[in-house]
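In the two complexes below, chain A is the common chain; its partner is chain B in one and chain C in the other.
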Partner chain A sequence: MSVIGTIARKEVLVALRERRVLVLGAIVWVLLAVAGVTGYLVYAQQHSAIVQTQQEKRQEWLEQGDKHPHIAAHYGTYVFKPKTLLSLFDFGLDAYTGTSVYLEAHYQHEFMFRPAQDHSSLIRFGELSLALVLQVLVPLLIIFMSFHTITQERETGTLRLLISQGVTFQQITWGKLLAHGFLLLSILLPVVVGLIIMAFLSDAQAKMTDLGLRSILLIVSYTIYLFFFLMLSIWVSLRSSSGRNALLVLLSCWIILTVLMPKTVANVSERIYEIPSMREFRAAIAEDKAHGLHGKSTKSERQEKLKQRYLEEYQVDDVQQLPFNFEGISMQAGEDFGNRIYDHHQERLRQLFYRQNHLASIASLLNPFLAIRHLSMAMAGTDLHTFIHFENEVEHYRRELVRRMNHDMAQNSTYGKFFEYKAGRDLWDEIEDFTYQTPGVWQVVQYYKLELISLLAWVIVLCVLVYYSNRKMKPINE
Partner chain B sequence: MLEATDLTKSYGNFTALKGLNLSVKEGEIFCLLGANGAGKSTTINLFLNFIAPSSGTAKIQSMDVSKHAQDTRQLLSYIPENLKLYPNLTGIENLDFFCGLGGRTHTKDQLEDLLIQSGLQRDFIHQRVSKYSKGMRQKVGIALARARDARVLLLDEPTSGLDPKASNEFSELLLELKNKGVATLMATHDLFRAKDTGTHIGIMKEGTLIEQFESDEVSFQDLEKLYLKHMHN
Partner chain C sequence: MNRATRKIIQYEWKVFIRNRFQLLMLGVLFLFGLYAIYHGQAEIIDQRDTINAVMKLEQSEFDAYKSSFTEELKTLEQEQTHDVASRPAYAWYRHGYHAVLPPHDFAALAIGQRDLYRYYYRLTAMSLYYQLFENELANPGNLLTGNFDLAFVLVYLFPLLIIAFGYGLYASDKEHGILALLKVQATSVHKVLLIRMLCYFTLVVGLGLLLSIIGLYTSGNPLQSQNWLPALVWLVCVIVYCAFWFGLLFAIVSFRKSSSFNAIAAVGCWLLFLIIVPAVLNVIVTTRYPLNSVALADLTRRTGLENEDDKEEALAVINEFLEHKPELAKSDSALEENLLPKAYAAFTSLKDIHHRQEVDAYYEGVIRRQQWAANYLWLSPAAYMQEVLVKVVDTDLGQFLHFQDQLVSFHQQISDFYFSRLFQNRPISREDYEQLPVFSMVQNGNKWFPIFKGIFTIACAAILVFSIGFVKFKKEECL
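So, the complex of A and B:
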């Protein structure tokens, strides 16, 4: 066996006999089990509720009876963001964004069922998910497992004996890294196995075709992230004069990286790119709908203009002479105008979210915790960009539904006789049920290049630091 | 085997070792006597290349230790005043581990024999080192020197704090290694042990080797007088 292998084997044996690792590992196991089980229960409950409710809402839509298409457009329906299996691993933004939305003509309703609304501000520190345990608590386990790995050798005097055997600091360090990596893998094996099993669950594949790839990417990303903490702990241990100092430095790093900096970045980005309240957002849309964008035209002016355009195009004197119901055309025009207003405001709002996110991405270059948090959400399909993709699909579906209703109204009803026309099941059947497919992981990950760079760069930086520190190390301080 | 030429170590204005010249050949035990701060441990640390010399050279088997640290460390075994082993490993596990670092593999029986030959009681071989006395740990150190087939032994006050019986047992083990041709450099306060075990004795004071002679040249009483004379001057 190589020297590194011999050191690693000894480290594992000593760690197991000291029992500290076993106790810490047991605590992490309990936390992972609680997070996994509660995550699965929430997932299973929401998934079945969504499937059941969506079926009910679909039936309600189909069996709403005969009515005017525009009334049907207002009767509307609900759509639901399907829970992907990986969302039980990382809840991401689901708690804030909501999972269902009511669709009707003229209005873009807010998403509903946001768990964050039902919780105190403590939710900002995160619900206990598998991702949270891996991002925040496992680094703490690594710190407690490794902070004194070199300082202890120095303090107890075994370091001199090791070096006198012709062993180099590089061999000692890499042997310890190997051992602690092995111990960590043993502790986290249930998560790795769980993710792999998840990846092959056929039911989940329907909504996320690349579940296997996402699971592998999650495993790789978390491996790099935890390796960063392992390297950091060993490097600090290498450089510290005592175990106490090493622990103090590492705990300070942990608090800064996982608590202080994320909170500060969030506050700063909220301050720089202030998001309007929902009331302000709605009021601005209502104002523009009434008076046109930047107050250019009123609703009556726009309607008059539309009417004149059709009268000229069809060479008639009155809208009743048109070969279709002008009310349907007018309503669709109003819908299109409202959509343009909404898109304008929505795009401005999204730009603010994007900028906030970009600021956090830049900050992730300094903080691997932010990097893994963003990447984890992206790979689990619970990030901002995936949500926006879903939001776009929902809005597209809503617009198509309303367009079909208005088109039917224009083609089949008579001007001025609103309540005399009723559409039926044939029209409701024409509207396909809403289905959603999560975008491919590469499509989402492209937004997180800085985060990927951060994780890799930090590991490289620490490898270089460990290498050069090892070269300068002496078994005794001169 | 061991050779110091004008070996000097300074820390700023303070010189811990001044121009040391000594040589220890195969089958010799060179005992360095002196008070605390005389430069004995500095000499050992320089041969181990734990610290770098300010000037001069320390050589093991004609290799400069500062240029061939890893090669020279493969040839030696080091036992400090208080040999520290891994308390949660047994004696045999510690021995196996340290042998493995040098690329030497031994069977369990061979390791047990080495420990027993080094004076460790059989009952303690498979017990954790946390239960060992200092003397027992030093015996593991000797077993390690045997297992590594060390050609050079560097001992930094190895019998300090040992009871007379354990100290005597340790001396016997050193003589056994001496007869096998091992060159030993031992820093010690123990005049009796130096006279009893050493083939050569050097007296150090304030970083200087002020006198060196063969141990047969003096009686224990003369050695004591000589030592005290130097210490009082």
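So, the complex of A and C:
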């Protein structure tokens, strides 16, 4: 049997005899179980509520009765943000992005109802999810498990005995790493198995693109992340003169990485790139709609121009002579113009969000916790980019709906006789129901290159550090 | 103070200032505290700016209306403005009034839910529910991360400082072999320990009070009549909360385990109180009291009459509305002229009347959640302290629910103002502009009781953990 194997076996044996690892493991298990069960309950509750209401809204749309298409476009419909299956693993931003949006002509409503608003300020402490346990608590478990693994050998003098037997530092360190990795894996195995079963056996495949791949990527990234903490703990233990010092250093790292830095970065980004208030945002859009982008043309000027263009094109003197209802055309032109203005302002707003988040991405190069947090949300489909993808799809659907209504109005109604024409069920049926498919995983991951680099780089850096420290190590510290 | 006590304090001070690491920690925490105050104030200044901006918009809107009565109407635009200013048929849904929840002077110290909830609304006489649910713009990622305010520094970071200072007391003496020397002294070991803890307590609480006083003074004047009580209570909170953590640490140290054990146990408690208990409470609340906001979404739909040129339908709607508002039905004028705007006004008001129960039920659900969670807050003194602090500076959920409650009556006031004129066919005169509806926030009466209850509970917890430590030490000493 190799030396590394022997060391690892001894380490596991000692850990099992000491109750600490068992107790800590049990606590983590309980938390994982609670997180898993409640995560599933929340998912199931919200999923069924959303599916049901979405169906009701569809019925309402179809059975709205005969009315003018433009009134129907104002009657509009609602879209609710579907819960992704993996959101039961990582709630991500779900509590802070709105859940429903009203789609109507002329006006882009923002998402309403952030679930966090239904809670007291306690919600700001965070919700228990599998992701929280794995990102925050398990690293602490690793620290508690491994901080004294080498310092203890040193303090009790067994290190000297080991070295004198011809065992090298490399063998000791990697043996211990193997043992702790094994212990950790056996504690976390249920999560891995659970994720895999969920990904490959559930029928929710259709709702979430690349569910299997996402789950595997989640497992891989968390493995790398936790391996980072394992390496860090063992390296610090290797370098420290006493267990107490190792613990102090590791706990400080943990607090800086998981508590202090994320908040600081987010708040600094908030100060650097300031978000306008909703009132300002809306006022700017209204201003541009009335006077054109950069004050170029007023609404009546634009309408006059459009009219002239159509009169010339069809060689007629009056809009009433056009082979279609000009009101429908002008309505759609107004809609297109409004959309352009909105796109302009929304893009500016999103750029602010991106810049704020980019700062956090840069910070993740220094902080693997930030890296895993962003990646985990991305894989679970609860991050900002997936939300924006969803927002875009919804807006696209709204535009299509309004366009179809205006088109129908132009084709079938008569100029100036608004109330005479009514469309019916046939037209409502033409509008397909809104369905949403999350983007492919690679499409989302491309936004998180820095985070991927961070995770990999940190593990490599620590491997190198451990390797070199081993070479330089002496059995007694003076 | 006897000689021995003085000596102990003297030596502890020497040890303390020689330990660079501890000094560094203290300094870094102080800087973090200053940054937190700065960040909180920047956030609140932004909000105040927004409030000023929207009030200015309202001011200029109404100035235009007012001046349209006196100036000569030359352009079409001016005429339109005068129509909107004087004819209730236009005015009722175009005149917007802002209801504002101005931040408490000390809101910068604990931002609470202020970044998540709307603190200003523009209300017209249209259906309240069209106007109630729009959110403020925010980066959801940053909302999730939360604010780096002074409350965060006090609630999250101060306990860590206390742990860092205290976990080695007694245990490290034992580990360094000083304990045996201490034991032969006339002063008992636990008394020495208590005095040393008291030194650190003074130091940490001193830092907490210093930061708080800086924060209080730079955010508002604590000596003003409406501010002195919140300021005083804030300072008491700092003392009580630190006392709890020192008590807890004393209890842990009293078990006379190794310093590593103490550190693990103390950090474990920190984890329990600051992360696990709140996180578990939150998911339990979510699953136990499911709230379905999707049902409310429907209220924001801009529906209108089925057929706008059907006079019978319009009259039916108006009549139904007048049943709820008999005072408007007194004159016959209600059913003449401007039928379409009247019907529309009646329609949106009826919408509010019909759906009030639904909305009330929803917010009752939110309150039930809050109450349930409040019943278990004692499980985590840290979460409890956070709740108390946000309550002191009026940034808690209750304040926002109260604000939304007041919106209902303000909205009623606006509706009454316009509808009385619309339904009696009276134009709006220049004089009417002197008695426009004004929003005034009636303060929540029983603000302080839950705060004192919270402080009392945490103080009890502090006494409890301290007593455990004290008894444990006494018992060991007798052996």
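Structure notes:
Note that the second predicted complex is superposed on the first by the 467 of 478 C-alpha atoms of A that agree within 3 Å, B and C clash if a C-alpha of one lies under 4 Å from a C-alpha of the other, contacts with A are read in each partner's own complex, and residues count from 1 in each chain.
One rule holds in what follows: a contact is a pair of C-beta atoms (placed from the backbone, for glycine too) under 8 Å apart; a residue touches a chain by one contact, two chains touch by 3 or more.
On a predicted model such as this, the values are computed, not experimentally measured, just so you know.
Legend: residue contacts after superposition of the two complexes on their common chain; A:Ala266 is shown touching chain C, with no touch to chain B.
Applying the stated contact rule after C-alpha superposition, one finds that A:Leu162 touches chain B and leaves chain C untouched.
In the superposed model, A:Gly292 makes contact with neither chain B nor chain C. The wider contact with chain A, measured as residues touched, comes from C rather than the other of chain B and chain C. Contact with chain C, but none with chain B, is seen for A:Thr97 once the two complexes are overlaid on the shared chain. In the superposition on chain A, contact of A:Thr6 is made with chain B only, not with chain C.
Touch criterion met: A:Val14 reaches chain B, while chain C stays clear of it. For chain C in complex with chain A, the touching residues are 32, 35, 39, 42-43, 46, 50, 53-54, 57, 112-113, 116-117, 120, 122, 133-148, 152, 156-157, 160, 164, 168, 172, 175, 258-260, 263-264, 267, 271, 274-276, 278-287, 290-298, 300-304, 306-309, 365-366, 369-370, 373-374, 377, 383, 386-387, 390, 395-398. Put simply, chain A touches chain B in their complex at residues 1, 3, 6-7, 10, 13-14, 17-18, 156-158, 160-168, 474-476, 478.
On the side of chain B, the complex with chain A involves touching residues 11, 45, 48, 50-52, 70-71, 73-74, 76-78, 80, 82-86, 88-89, 93, 97-98, 100-103, 148, 154.
On chain A, the positions that touch chain C within their shared complex are 31, 34-35, 38-39, 41-42, 45-46, 49-50, 53, 65, 67, 71, 74-76, 78, 80, 92-93, 95-100, 102, 104, 109-129, 132, 136-137, 140, 144, 147-148, 243-244, 247-248, 251, 255, 259-260, 262-264, 266-267, 269-271, 274-281, 283, 349, 352-353, 356-357, 360, 384, 387, 419.
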